[in-house]
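Both complexes shown next keep chain A, but they swap its partner, so chain B is in the first and chain C is in the second.
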Partner chain A sequence: MRAAGQILIVLVVLAAVGAPWLAPNPPERSFPDALYAPPTRVRLLDQGLHAPFIYRQRLVSRLERRFEEDRSRPVPLRWFTGGRLATVDEAQGGPLLVLGADAFGRDILSRLLYGTRASLALALVATLGALLLGALVGGIAGYTGGLADEALSRLSDFILVLPAIYVALALRAVMPLVLPARTVFLLLTAIFVLLGWPIVARGVRAIVASERQRDYAVAGQALGAGPVRLLARHLLPAASSYLAVQATLLLPAFILAEATLSYVGLGFPSAVPTWGTMLQDAANVSLVSEAPWMLAPAAAIFVLVLAVNLTVQGTGRAPVQLLERSNRW
Partner chain B sequence: MVRFLFRRLLFALFLVVAVSSSALLLTRLAPGDVTTQLGPFASAAEVARTRERYDLDRAPASQWALWLARASRFDFGDSFLYNRPVRDLIGRAAANTAALAVVALAAATLIGIPLGMFTGSRRGAAAALVRGVSLLALSVPPLLTSLLLVFIASRTRWFPAGGMTSVDALDLSWAAWLADVARHLPLPALALALPIAATFERLQAQSMSEALHQPFLLAAVARGVAPRDLIVRHAWRVSLRPICAVYGLAIGALLSGSFVVEYVTAWPGLGRLMFEALRARDIYLVAGCAAMGGLFLALGSLVGDLLLAAADPRAREAQTG
Partner chain C sequence: MRPLLDVRHLVKHFVRKQGLFRAPSIVKAVDGVSFAIEEGEMFGLVGESGSGKSTTGRCILRLIEPSSGEVLFRGDNVLEFSRPRMRLARRDMQIVFQDPYSSLNPRMRVGDIVEEPLVIHKLGTKAERRARVAELFALVGLEADHLARYPHEFSGGQRQRIGIARALALNPALIIADEAVSALDVSIQAQVVRLMVELKDRLKLTYLFIAHDLRLVENICTRVAVMYLGKIVETGETRALFARPAHPYTRALLSAVPVLDPDTPRQRLELDPDAFDRDAPLREIAAGHWAAV
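Up next is the complex of A and B:
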C-alpha cells in the first residue's frame, strides 16, 4: 500500500516536471475545429497490428458538437519530434487530443500536465513555508516558555479554531478579483502559510518543550551551546518525523484549497491551467454531462490525495489525522 | 459543570464577536466597496446615498462601534444585495446549512458505524471490500464528491442536480414543499457525509478489533455469551470511545466542507451566502454571516467536548476540574 502510494506520487511529480516534454500540444493553443472534441483514441489494431496510430477526427456538426473518425487513412504517431514525446503530423491528421478538448478546443491532457505543475508547485511552496514558520514559532515557544510561549500558543490556538477554507476565502475575496498569475501565486502561498503554520507550531512546541528537559539537551547547554545551536542542531531534529507527517497532511489540503478557490473564481485567472481553473471550466453541469472528459482534473486531484493517503496508512491514527485536516480545509 | 458551561459560553461570545468584527473590518479595509455594485453609470448622489446607508462615510473604527452596538440588540443592519435585514437572511441560510449538516452527520453515523462493526469483527472478502471502499472514500473530498454526484444526477436524472427546491416550490403546500426539499437533500448530504462515514468506519473497525482482543471478552466467551451479544452488547460499547472523541472534529469537517458542497450543488446555505456577500463587499451581510459561522463553530466544539466528556471520564475531569 505504502509503495503504491509512493509510486503514484513519483508519477505525479514526473508528470509535473516533464510537462513541456510530455504534453502533445501547447496548453494555451486552441483548435477552433475541436471545441469539446472527445478524446482521440490511440489505436494499435487495423486489420492487423500496427505501430500506434490515430484516425483523424472530423467535425460533422458544430452545433451538435458531433465528431466522426475518418477511417479511410490511419495517421501514425510521431515520436520524439519537436521536443515532444508523441505528436501527430497536423498536415496529415487533426490534433492529438488524448483526453479530449475543452470549450475553447484546448488539449485537456496538455493543460492537465501544466496544471499539475502549477498546483503542485503552489502546494509544495506553501507546505514548506508552513513547516518552516511553524517549526520556527513552535521552537521558540517551546524553548523560551513563559510569556512568549503563552502569547504564541494563544495566537495559534485562535487560528486553529477557525475553519481555514473560510478564512482563505475571505482573505482572497477582499483582494482585487483580477490579478496576474504570479501575484495570485504569491498571495495564495501567503494565505496558505498563514493558515497552515499553527498546527505545525503546536506539535513542535510540545516536542521541543519536552526534549529540552532531556539529558542530552541539558548536557548540550552545559557544554556551552547557545539557544540557536541547541534548537537547530539538537531539539528541532527530534521533531523531524512529526514534520514529515504534517507535510503529508498539509500538501493535499493546499491542493484542495487551490482547487476550491479557483473553482469559485477566486484563484488563478482562468486562462492559466491549474487543477482548480480546469475544474472551473467543468462547472457547467449540462455541458459536462455531454463532455465528461472535462472532469479529468478531478481525477488528478483524487489520484494525488489517494497517493498521499496511502503513504500515511499503516500509522494507526491515519483516519483521525485525515479528519483533522478536512476539519479545517 | 456550571462553571464549565459558563466558560464555554464566554468563549462562544468571544468567538462570535472576534470573528464578525474581523470580517467587518477586513471587508471595510479591502479595496473597493459595495458602491461598485451600482455600476459605472451611477450618479454621485446615488453613490453618496449608498455609502451613507451602509455607514461607509464613517471612519472604520466608528462604523465598527456602531455595528457592535446595534448587533448587541440583534440588529445586524441591512444587506445591499438582497435589500433586506441581514438577520432574516442569515437565519434562513443558517437553518439550511444546519439541516444539511445534521442530515449528513446522521448519514455518516448510520453508514459508518455499522460498517465498522462489521469489518472490525469479521474477516473475508466482504470486509476487505468495505475496507477498500472506505480507503478510497477517505481520499474523495467533498469538492470532488459533489462534482461527481452532480454529474451523475445530470446524466441519469435519478435525483435533482442542484438547488434546495424545484422552480415551482413557492406554489406548493408545506407538505409538498417538504417532500420537494427531501428529494433535493440526499445529493449534497451524501457529498458531505461520505469522507466522514469512511473515517467512522475505519475508527470503529480499529477499536472494534481492539475490543475483541480484551481479556473481558474472553471471559464473556467463556461464560457462554452468544456471538451476536458479544459484539453488540460487550465489544461495541467499549469500542465507542474513540468515535465519540472525534465527533467534534467531524462537526468541524461538516462546517468546512459545507461551503464547497453548497456552492457546487447550489444549496442556499450560510457558506454560499457569505461568498456572495464577500464578492459584492456587502459589508453587513459579511459580518452577519461571520457571526453566525462563529456561533456554529462554538456550538460544534461544545457538542464535541460534551460527547468526549460523556465517553471518557478523564476528559471530563480535565474540562470541568
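Up next is the complex of A and C:
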C-alpha cells in the first residue's frame, strides 16, 4: 500500500514537472469550435490494429453542443513533435482533447497538467513554510520555556481555535478581488502558513521541551554549546519524524484549501489553471451531467490525497503511532 | 595551596508555584553547601537520592543556576562569569553523566559526538579534530573504527567511555562524575572506575565524584562529604570518616552498605530524623574531620 502511494505521488509530481511536454495543447488556447467538446477517444482498432489514431470531432450543433466523429478518415497521433509528447495535425484532425474541453474550448488535460503545477507548488511551498515557522516557534518556545513559551503557546492556541477555512476566506476577502496570479500565489502561501504553523509548533514545542531535559542536551550545554547550536544540532532533529508526519497532513489540507478558495472565487484568477479554478468552472449542476469531464480536477485531488494518505498509513502505523515513534529512538 | 575548586555556601532553592492564591512551596535542594577540592584530588560526594548531590554538581557547572553562594575555580567566582567567559571556563570543567543511554544523542555518530566540543570551541582544522577524536578513543579504550557508529550499537560500558572521551576532549582540569558508574553492571563498573583513576594520573585530573555507592567511594576517594537533605552533614578524610562516623545519618548510611558474607552479624541502624539537629553547624571533631553534631 505504501509503495502504491509513493508511486502515485511520483506520478503526480512527474505530471507537474513534465506539464509543458505532456500537455498536447497550450493551456490557455481556446478552440472556438470545441466548447464543451467531449473527450477525443484515442483508438487502436479500425478494421484491424493500427498505431494510435483519432477521428476528427465535428461540431454538429452549437446550440445543443452536439459533436460527431468523422469516421471516414483516421488521423494518426504524432509523437515527439513541437516539443510535446503526443499531438495531432490540427489541419486534419482538429484539436486533441483527451479529457474534453471546457466552456471556452480549452483542453482540460493540458489545463489539468498545468494546474497540477500551480496547486502542488502552492501546497508544497505553504507546507514547507508552515513546517519552518512551526519548528522555529515551537523550538524557541520549548527551549526557552517560561514567559516566552507561555506567550507563543497561547498565540498558537489562539490560531488553532479559529475555524481555518473561514479565516482563510476572510483574509482573502479583505484583499482586492482581482490580483495577478503571482500575488495570489504569495498571498495564499502566506495565509496557509499563518494557519498551518501552530499545529506544527505545538508538537515541536513538546518534543523540544522534553528532549531538552535529557542528559545529552545538558551535556551540550556543559560543553558550551549555545541555544542555536543546541536547537539545530540536537533538539530539532529529534522532532524530524514528527515534522515528516505533519508534512503529510498539511499537504493534502492545503491542496483542498486552494481548491476551496479558488472554487468560491477567492483564489487564483479563473484564467490561471489550478485544480480549484478548474472546479469553479465545473460548478454548475446541469453541467456535471452533460460534461462530466469537467470534474477531472476533482479526480486529481482525490488521487493525490489518497496517495499521500496511503504513503503514511501504508507503513502500518497511523500518524499518531508515527508520532509516538518519533519520541523514542 | 589554593584549592582548585572552592564551593562556598552554595544554595539552590526550587520554587514551585501552586496556583494563584497559595503560597509557592520552596524545595531547598542545596542548602548552604561548602567544600573545597585540591588539585589532583578525588573528592567523593555521597548521600541518598534526593539529597542534592547532583544538583550541587550541576550548580557548579551552572547547568542549573544556583540561588546564591560562590563557586571559586582557581580563585575566580564562576557564578559571576559573563557568557563568553563562562564558555571559556567550560573548557576546564566537564561532566560525565549517570545514564549512558540518554547522555549521548542517539541521532549522531559517536565520532561526531566526541568531536562536538572541539567544533563548539573552534579548535583545530577538520583533520586535526578527527585525529584528536581518534586519540581520545584510544585513550578511553575504544577502537577508532567504531567512530562512524551510532550510540545504540554500543554497550553501556562503552557508551560511558564515549561520554568520558567527550568530557576529556577539551582537556579539562576538573571532571564532575555525576553517578558516572552507578547505572553500569558491577563488573563493568570496576573497569570504568579503573579507567577514570588511570586517566586522573595520566592527565592530572581532579574529580568531584558524586555517588551513592559507599564502598566504591571508600576505595577511590581521598576525601568525602556526606550530604543529607541539601546539607553536608559530615566531611573529612575517607578513612577517618568511614572508621569513625560521627553524624547519625552517616552511621545509618554506613550500616546500610551491603556485606558479601550473609553470615556476618549485621545491625542496620534506622535513622530517626528527629534525634538530631538538622541546622547544627559543622564543627571540627578531629583534624580535618568535620561533622554537624
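Following the convention adopted for this analysis, the second predicted complex is superposed on the first by the 313 of 329 C-alpha atoms of A that agree within 3 Å, B and C clash if a C-alpha of one lies under 4 Å from a C-alpha of the other, contacts with A are read in each partner's own complex, and residues count from 1 in each chain.
The rule is simple: a contact is a pair of C-beta atoms (placed from the backbone, for glycine too) under 8 Å apart; a residue touches a chain by one contact, two chains touch by 3 or more.
Note that the structure is predicted; figures quoted are calculated from it, not measured.
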A:A259 contacts which: chain B (first), chain C (second), both, neither?
first
Under the stated touch criterion, which partner chain does A:L162 make contact with: chain B (first), chain C (second), both, or neither?
first
With both complexes overlaid on chain A, does A:R84 touch chain B (first), chain C (second), both or neither?
neither
Touching A:V174 in the superposition: chain B (first), chain C (second), both, neither?
first
Just checking: does A:R229 make contact with chain B only, chain C only, both, or neither of them? Give me first, second, both or neither.
second
Could you tell me if A:G220 is touching chain B, chain C, both of them or neither one (first, second, both, neither)?
second
Kindly classify A:R56 by the partners it touches after superposition: chain B alone (first), chain C alone (second), both, or neither?
neither
More residues of chain A in touch with chain C or with chain B?
B
Does the superposition put A:P237 against chain B (first), chain C (second), both, or neither?
second
Residues of chain A at both interfaces, chain B in one complex, chain C in the other
329
Chain C - residues contacting chain A, complex:
58, 61, 63, 86-87, 90-91, 94-95, 97-99, 102-108, 116-117, 120-121, 152, 163, 166, 170
Which chain A residues qualify as touching chain B in the complex?
158, 161-166, 169-171, 173-177, 256, 259-260, 263-264, 279, 282-283, 285-286, 288-289, 292, 295, 298, 301-302, 305-306, 309-310, 313, 316, 318-320, 322-324, 326-329
Chain B contacts chain A in the complex at 15, 18-19, 23, 26-27, 29-32, 135-136, 138-144, 147-148, 150-151, 154-155, 161-162, 195-196, 198-199, 202-203, 206, 242, 246, 249-250, 252-253, 255-257, 259-260, 263-264, 271, 274-275, 278-279, 286, 290, 293, 297, 301
Mind listing the chain A positions that touch chain C in their complex?
214-216, 218-225, 229, 233-234, 237-238, 329
